[in-house]
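Each of the next two complexes has chain A plus one other chain: chain B in the first, chain C in the second.
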Partner chain A sequence: MSVEAPVRPDAAPAPRRVRRSSDQAREFDRPRFLVGFTGLFYLFLFLPIAIVVLFSFNAERSLQVFGGFSLRWYDAFLSSESYRSSLTASIEIALVTMVVATVLGTTLAFGLVRSRGRTGGAFNVLMLVPLVTPEIVAGVSALLLFTQMGLRLSLETIMLAHITFSISYVTVVVRARLAALDPEIEAAAMDLGATRMEVMRLVILPALWPAILASGLLVFALSFDDFVLSFFTTGESPQPLPVRIYSAIRFGVTPTINAIGTLMLAISVIAIGLALALPRLFGRRESGLGVLLGEEGA
Partner chain B sequence: MTDTTTSETASVDSRAEVDAAVALEGVWKRFGEQVAVRDMNLTIGRGEFFSMLGPSGCGKTTTLRMIAGFEQPSEGRLLLEGQPVADVPPYRRNVNTVFQGYALFEHLDVFRNVAFGLERKKVEKAEIRRRVGEALELVRLTGRERARPRELSGGMKQRVALARALVNHPAVLLLDEPLGALDLQLRKQMQVELKEIQREVGITFVYVTHDQEEALAVSDRIAVMNEGVIVQCGAPEEVYEKPERPFVAGFIGISNLLEGVVEGGAVRLSGGALASAPVPASCAAGTAVQLSVRPEKIALDELIEDGMVVLSGVVVERVYLGTTTQVIVELAPGVRLVALEQNTYRARSDDRWELGTQVRLGWRPEHGLVLREG
Partner chain C sequence: MGASRFAGRFLIPGGVWLLLFFAVPLGIVLAISFGTTDDLGGAIYGWYPSNYSRVFDPVFLPVLARSVGYALATVALCLLIGYPVAYYIARFGGRRKHALIALVIVPSFVNYLVRTYAWVAILSDEGLANGIPHDVGLSDGGIRFLNTPWAVIGGLVYGYVAFMVLPVYGALDRMDPALIEAGKDLYGSRWQTFRHVMWPTTFQGVLAGCVLVFLPAVGDFVSAQLLGGPDTFMVGNLIQQQFFGAENWPFGAALTTVMMLFLMVWMVFYLRSAAKAAREGAAAAV
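== the complex of A and B ==
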């Protein structure tokens, strides 16, 4: 008869109960200790790096006391012939590795995505092996292979080793992108008069290039600061920078090391930064980071 | 464009109509053991809106892909505008396709998407601008030239895909379930638009769909396909009103099929009743046939007129559909007929078709279609 909801006498305490449970929910979502925990994590992550950067500008020789700003260690680094040639060698290795691994890795990605049947499946798995192989194993086996073949260890042997392990990184990133591409767009482009080469140039590569670029720059950064592989495959001279640093610190740590470290950090950060920024600069919504993490452009 | 093939055409047999936009002559398509299209002979006229209708796997998309050049016939000849095209790759055929998933180029804006085909043909810049403008106007997308595909709705993407194909003025436009991804409202609207656009540009449309209503709504002619074969080909009215095979009667619209045996100028139904019907000369007495009656041709109770075939049964279900009501009548266990009643001003109260009511139903003898199996 009556349409009104009956008013219950015990309805009054309900709001307080609701408020309390939402408070609890908030605490449960973001416990305060996590803030401190995260802070500590970043402190341990960045403090040592920050100290290296700071002391690279130290006017004093000391590694404990900061005695004013100076560029003397950078000067020491750049005026050393042996360090300079190591820096050039490292950049050279990283550039060659980047270009060759990107081209080969992209080609491999095409082959893997387009291949059907059991063979394709097997290679899809085999391709991942370099990503999980301990680097020391890769380094030792590369060394054994090169010496067995009678190759003289040099910059070229380092490049070979770096390219070999970098291809997989490129392939993983590019393949994900390629697999997400609508296969009909190739048919559509051909239907509109594009030859196979034009389909590649005008449709496939433009859709893939954020992934190709990002993986290339990632490979550059990986190769530039690689130590283990380089250590096993390097010749006498010039040695890549990380190996050169390692041999230097055996005779004691000098502030020059801080300057080199800071410089290497800067170069790596620039490479990764470019990988993130370039796709954005060219008006793509997706960032290189999204591509690297396998996110789909929304 | 087909200069390499002109020498062959001197010997083209008289079967290929000069006026045909597309002709298939004894075309087969096999994928390994599987036969996708078997011995297809088909001529599609210039300016025709031609639909291929059938369940999935009937070979309609394969046929379309052969016309586009993405697949090669295993056997037989395919002619576009009278020219054999066996050696012509997709990018050199004067044919364009609207894909089911639109297949727009995400990295290009709407203008560049539509201009893509013209740019490949090295058309002059000013001419490209003019024609793209025209095409976008045709599909009512003027002003969206700079939009990226991902910023558009499904219906708009569909229009871009249509403009991208039409701008090239192809001899034949192939449409592969182009409205499949749209919701019902938009589909109905786009059907009308497609039809209007086709009439305006006068290009031959070859349209693939599994939606029988859509095929009826847009086509000049429909080929109903099943298992790689064209079961019947004709105008929408023809395939609907005069299906030649039980498959066609069953696939297009709701069909009531009753089993029976030919007996003189009538069919002895399995229930025992004798229904007079126009029996084709090819059906001798004793031939097992199916009698098909469209639901809207069936009259109930007092609407039954003199001279109708009359049966009786029990109402087992009533489905109210707004403009019509479906009354499902069981004649004998397992034998059911659907009757459609218009809900006009003459309609009586709803309780008329209460479940379990005894009801008489009848139809004019000429509305009973005698169909041979197969």
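== the complex of A and C ==
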């Protein structure tokens, strides 16, 4: 999308330039309208979430009046055996999805970046289309596949569907990192007598770890939150949490939903927080957000 | 080329998986869309193109038109909201840029159902949105928000606006701020600078955002299910009904196929422009 990226001989001067230009901008025009508009936008984004979190601690049943602090909805959630088994099911699905999709997505990324020829191009399209396929199409096609194969719908069918639509996220994130690696380092390692597998293990994988882990955690969060795919591929019991939430909402207003929503938010935020923090733990200066958004490394 | 063939082998596990679990199922959807149902409601293969004429039946056509209309309204609103926000973050975000962008993404990690459900609570007859105007004395508390088209579109905007902000922010962030200064130096008004400098420079990002919002919005059924009613149902609700309730899988598959073909045009367009941008980006980086 960029028309021309400025050539950066080294990373150091860049931040200073950016800061100076935004200082200039601040002097000239920082339209009040924009400040207010952006503020309202963030209010719009976070108001419903604030309400979910606040009312998850409500002592009363109401979703309109806050009647004091209480943990009764968390208690209602955690003391229900069927909700607990749904929570375990969701975590299990997300973990299996994370592991399998990370392995498949990383190998696919390596194949796409380093192989030449037409197969690569075709696989590239096959990898990108799931990213822009509406979830309902994904759900319908997964449901029809499983019923035609004669599979009984269960946690395993949900896992198969989730893995299928998670591979591409891993591939996109890992590929960006892989493309930024200098192939000459690999050539040098091979000149020094390393085999291809040794280059893989000792040169490429260490450089890719932050991207692999970050995309894996992203996939965990996506799978854990997914509703549409799970809805189409779930069996009778145990059902993953979002499917349970959907049936609970259809039966009417219950504040337990707020407690579940808050807990799920906490789990996702931990996963994403780890994904953002990991590159720093690896001693790199770049931000985790940059890794996930596929920005070039410094 | 040894290295290329070595790398080529790595394509196999992921590639075969996607063929089996993504490409083949789309073929099955197509095959079943020409099928029919047996006495028990199970899907059987066959040649019944009538499923497709039913899709364009006057009973269902308004639902298709409504889905596209709602999705277009969603795209327009996301652009109107997302562009200024992305501009603000890119130009005035300073050191907090990354934090501000992360904040745009955070709500995506609250379950979509739970977020939409919170809007139900806010917009309901006794909810916040009615309570505040009532307390201030602006209304008698009788504004009906739920079950209106605007509630459904609002839910879609809330769900997908991040997909607009991110690519537009990316485009604005890559734009050299000197271009805007140059526009001003040449005595361009704010509008002229926007029209002749910013908009063309960021147009690819805007297009990407529009497609990324449009695709999921057309297929959404949660927003209409929770915030709307039968009068605001979208094609996603119709498809869902065919699989859970009406049990007419072939018709549901035909609806899915029509939707996928319609959206395919936009997908191809998006993927091509993304690939082009990646090539140019790679060329510029070298």
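Here is the rule we use: the second predicted complex is superposed on the first by the 268 of 298 C-alpha atoms of A that agree within 3 Å, B and C clash if a C-alpha of one lies under 4 Å from a C-alpha of the other, contacts with A are read in each partner's own complex, and residues count from 1 in each chain.
Rule of thumb we're sticking to: contacts are C-beta pairs under 8 Å (C-beta built on N, C-alpha and C of every residue); 3 or more make two chains touch, one makes a residue touch a chain.
Since this is a predicted model, take the numbers as computed values, not measurements.
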| item | value |
| --- | --- |
| Joint occupancy of chain A by chain B and chain C, clash or fit | fit |
| A:Leu192 touches, of chain B and chain C: first, second, both or neither? | first |
| Touched partner set for A:Leu112, first chain B, second chain C, both or neither | second |
| Touched partner set for A:Asp182, first chain B, second chain C, both or neither | first |
| Which superposed partner A:Pro206 touches (first chain B, second chain C, both, neither) | first |
| Which superposed partner A:Ser237 touches (first chain B, second chain C, both, neither) | neither |
| Winner by number of chain A residues touched, once chain B and chain C are compared | C |
| Partner chain(s) touched by A:Ser247 [first = chain B, second = chain C, both, neither] | neither |
| CA minimum distance (chain B, chain C), superposed complexes, angstrom | 10 |
| Chain A to chain B touching residues, read off their complex | 182, 184-185, 187-195, 198, 202-203, 206-207, 284, 297-298 |
| In the complex, chain C residues that touch chain A | 1, 3-15, 17-19, 21-26, 28-29, 32, 43, 81, 84-85, 87-89, 91-95, 98, 101-107, 109-115, 117-122, 124, 126-128, 131, 158, 161, 166-167, 170-171, 174, 176-178, 181, 184, 201, 204-205, 208, 211-212, 215-216, 218-222, 226, 236, 239-240, 243, 249, 252-253, 256, 259-260, 263, 267, 270-271, 273-274, 277, 280-282, 284-285 |
| Residue numbers on chain B that touch chain A, as the complex places them | 68, 70, 89-92, 95-97, 99-101, 103-107, 116-117, 120-121, 150, 164-165, 168 |
| Residues of chain A that touch chain C when the two form their complex | 1-7, 19, 21-22, 24-26, 28, 30, 34-35, 37-38, 41-42, 44-49, 51-52, 55, 63-64, 103-105, 107-108, 110-117, 119-120, 123, 125-130, 132-137, 140-145, 147-148, 160-161, 163-165, 167, 171, 179, 196, 221, 225, 227-228, 232, 241-242, 245-246, 249, 253, 257-258, 260-261, 264-265, 268-269, 272, 276, 287, 289-290, 293, 296 |
